[in-house]
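The two complexes that follow have chain A in common; it is paired with chain B in the first and with chain C in the second.
Entry: the complex of A and B
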């Protein structure tokens, strides 16, 4: 895994060698940003949720209610993300980028539902998800005068994620799962930058990732079950940030 | 003759307005739009193997927009109207649902950056939340029908473009994606729900494309 990562980073470093002469058709920029990810980790399906709790669709299908039970809806995860991207701009219209992003679930994933193991029982559920990714993209820039740039780029990312779930009832029953793995999701990104002066811009972007790991075996020891789940990196990301260009645009 | 004169004058006002007075700043606008959503109430998020004929809906709405040169806030209200109901085509006895018809009211609140394209228009991208109140009905596999009464709150984003046609009017096109599901509100009657729990939630998630016209008051 680290070998592949080193190759990717080395190729990117060679491709993005700064060419800092003023007459050079190349420019470089650094962007810092933060944002959110609706539905982080997708529906967080795992085998045990279907086998024991009757949910074919993970966190979506696990929500059930019954008179006499105080249930609370378990929402999909909302993730927060932050990161930085190094951008190489070539001939004003072309770009190559490498970034590093961290993401973590900050809302949702907690609640109570019911299931039946011969009798109806209240089940407390907890889900969480975190990880990082390194996207590498190339794309096209449309500059509008000296005010703004709109960029569309696409590529691939190395993504690593950790998905945890926990289910407890008064049966007594306690299932805990932890799944760690990596994948290479496809990345599409569209970004707008509004220049405050000739070097600084505020930016916003929409990214879409599409990629899932293979099914991963639960690495959590000490509970009654061994669970299996894929880690899903697919989803949209909305980001706000600032960019600094090394040379005036 | 009179009709022709009106048409010519209208075209002249449009051209002159578009070329001379579209430079005005736009701070506060009210718009109306129409649009659509495919696969409303997506039943496969409840039962992934379900073979369905997805529901399609038309959307009519009002947009309220506040903006300064590079920042905007967008709110308003949208109502969906069913074009065709959703149907489960196979294995209804397991899924527990034969047919569904989801209608909703959406209250969006989004904010973000806009990128003015000189005096011609603007491109904008924002994030935010939407509140949903849904009605409609679900026809179950045992032949009975249950009404939907389901609220949900979801996060998403909005991306759009405006084309300024006069100093006060703009055409706009928007894409809104929201991720939102209600709590379980219906007890399905298939073998999948052997314990007769309330298990069917209403999935409001999806993409909406809208086109409209906005009048700038300020």
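Entry: the complex of A and C
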């Protein structure tokens, strides 16, 4: 609760910095962007995958094949993300930013494998992941000529995620898991902006997150098991967007 | 423990010698000295062991306080030589999380760990003007990692410590405050894994230590007048 309050207060403080005067050393901008996240949720480990299906490495170890079974490769999740960032520019070179991002798995995480519970069985697997995060970073802006800027910033995010998995076979049992939790991952962001006029810019950025929740108990009711899993927010994000600066650069 | 102090002392002495040598150097490029402070997440890559312990505790114990994967304050120094578009950097950093604890019923777990690193980096600079640039680089790292894992029920204590060679890549930006002082932001990702190390207490078990991790470092740098 304390951390959430700090984030909200920081957000308010940044928003209240005056930029009305052209002589002010501050400028503000807002960016809208979208992109993709490879390996969303990491290897999606859960206790039941290790205990029942023999995979100590989650989705990576679940893929198996056997003669006579029609299996289909289960790939790591590819996520889509969209969001907005509010940027404060100080003395041309320094920046503080706060953003809000939503992400969701859009590809991968589905397929068929084989496991053995005394007899070989075909197992249909389904993984999904979604959530949001609020990154707060500070960094340095390097302007190139008049129409380009490279920004490098680092900080911490509040991230909330929901990871679901489902395992069904011709055995009468099915395993469903749903895990919800939050963490404070480390954030690194590198961004390039090209100004198409003195207020609008096209931007590309690469973000890196690193952080995992504690082990969370399955909140899905009505199946045979209670599963446990951490939620992993680590990974890279590739983004494309537009920025609007409140004052001409 | 003695070995740790010796290695850390030798590394610091080498670094200080290099800094002293710089005072008398005559070169075309620029030398700078920097102080860094920042954070790292999960020093000595304890995440797999912590997740395993937490999962086991949640599935077997009735009352569990999970071990939280730690953030840790990191601090260090660096020395840089910039020549045209090239950057040569030698740094030293230290990190140790404050408190890493957990509890499963009567069993209390305490993890003590620290890491000392000496990264040597070669990088490319994208300069805008003097002392304002973005850089990207890579290099090798000497690490010294220490890990002690203590449990109360049953009473167990393991201690592993060793030197670990590794590599890193880093990215950063620097901007001036005055003509000689700059502020910098750096991200370093490092990789490295020890050979299996024997437990220093019982000497029966072996374990590897990984120094895989990320450092966010904010720095103040002073350019030495030539």
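FYI, the second predicted complex is superposed on the first by the 233 of 249 C-alpha atoms of A that agree within 3 Å, B and C clash if a C-alpha of one lies under 4 Å from a C-alpha of the other, contacts with A are read in each partner's own complex, and residues count from 1 in each chain.
We adopt the following convention: a contact is a pair of C-beta atoms (placed from the backbone, for glycine too) under 8 Å apart; a residue touches a chain by one contact, two chains touch by 3 or more.
Please read these numbers as outputs of a predicted model, since none were measured by experiment.
A.B. asks: Touch check for A:78: first (chain B), second (chain C), both, or neither?
C.D. replies: first
A.B. asks: Identify the partner contact of A:116: answer first if only chain B is touched, second if only chain C is, both if each is, neither if none is.
C.D. replies: first
A.B. asks: Kindly classify A:35 by the partners it touches after superposition: chain B alone (first), chain C alone (second), both, or neither?
C.D. replies: Only chain B is touched by A:35; chain C is not.
A.B. asks: Tell me which partner A:150 touches in the superposition: chain B (first), chain C (second), both or neither.
C.D. replies: both
A.B. asks: Looking at the overlay, what does A:140 touch: chain B (first), chain C (second), both, or neither?
C.D. replies: Only chain C; A:140 stays clear of chain B.
A.B. asks: Taking the superposition as given, does A:212 touch the first partner, chain B, the second, chain C, both, or neither?
C.D. replies: In the superposition, A:212 touches chain C alone.
A.B. asks: Thinking of the overlay built on chain A, is A:185 touched by chain B (first), by chain C (second), by both, or by neither?
C.D. replies: second
A.B. asks: Taking the superposition on A as described, I'd like to know which of chain B and chain C A:236 touches: first, second, both or neither.
C.D. replies: First partner only, chain B.
A.B. asks: Using the touch definition from the top, say if A:60 reaches chain B (first), chain C (second), both or neither.
C.D. replies: first
A.B. asks: Could you give the residue numbers on chain A that contact chain B in one complex and chain C in the other?
C.D. replies: Common to the two interfaces on chain A: residues 144, 150, 190.
A.B. asks: In the complex of these two chains, what residues of chain A are touching chain C?
C.D. replies: 45, 47, 93-94, 138-144, 150-156, 184-186, 188, 190, 208, 210-212, 214-215, 217, 228, 230
A.B. asks: Can you list the residues on chain A that touch chain B in the complex?
C.D. replies: The touching residues are 35-36, 38-39, 43, 54, 56-57, 60-61, 63-66, 73, 75-76, 78, 114, 116, 120, 144-145, 147-148, 150, 190, 192, 194, 202-206, 236, 238, 240.
A.B. asks: Under the stated contact criterion, what part of chain B meets chain A in this complex?
C.D. replies: Residues of chain B touching chain A: 45-49, 70, 112-113, 115-118, 123, 125-127, 154-157, 159, 177-179, 181-184, 192, 194-195, 197-199, 201, 203, 205.
A.B. asks: So in the complex, which bits of chain C are touching chain A?
C.D. replies: 38-42, 47, 51, 54-55, 58-59, 66, 68-69, 71, 126, 128, 132-134, 171-176, 183-185, 187, 214, 216, 218
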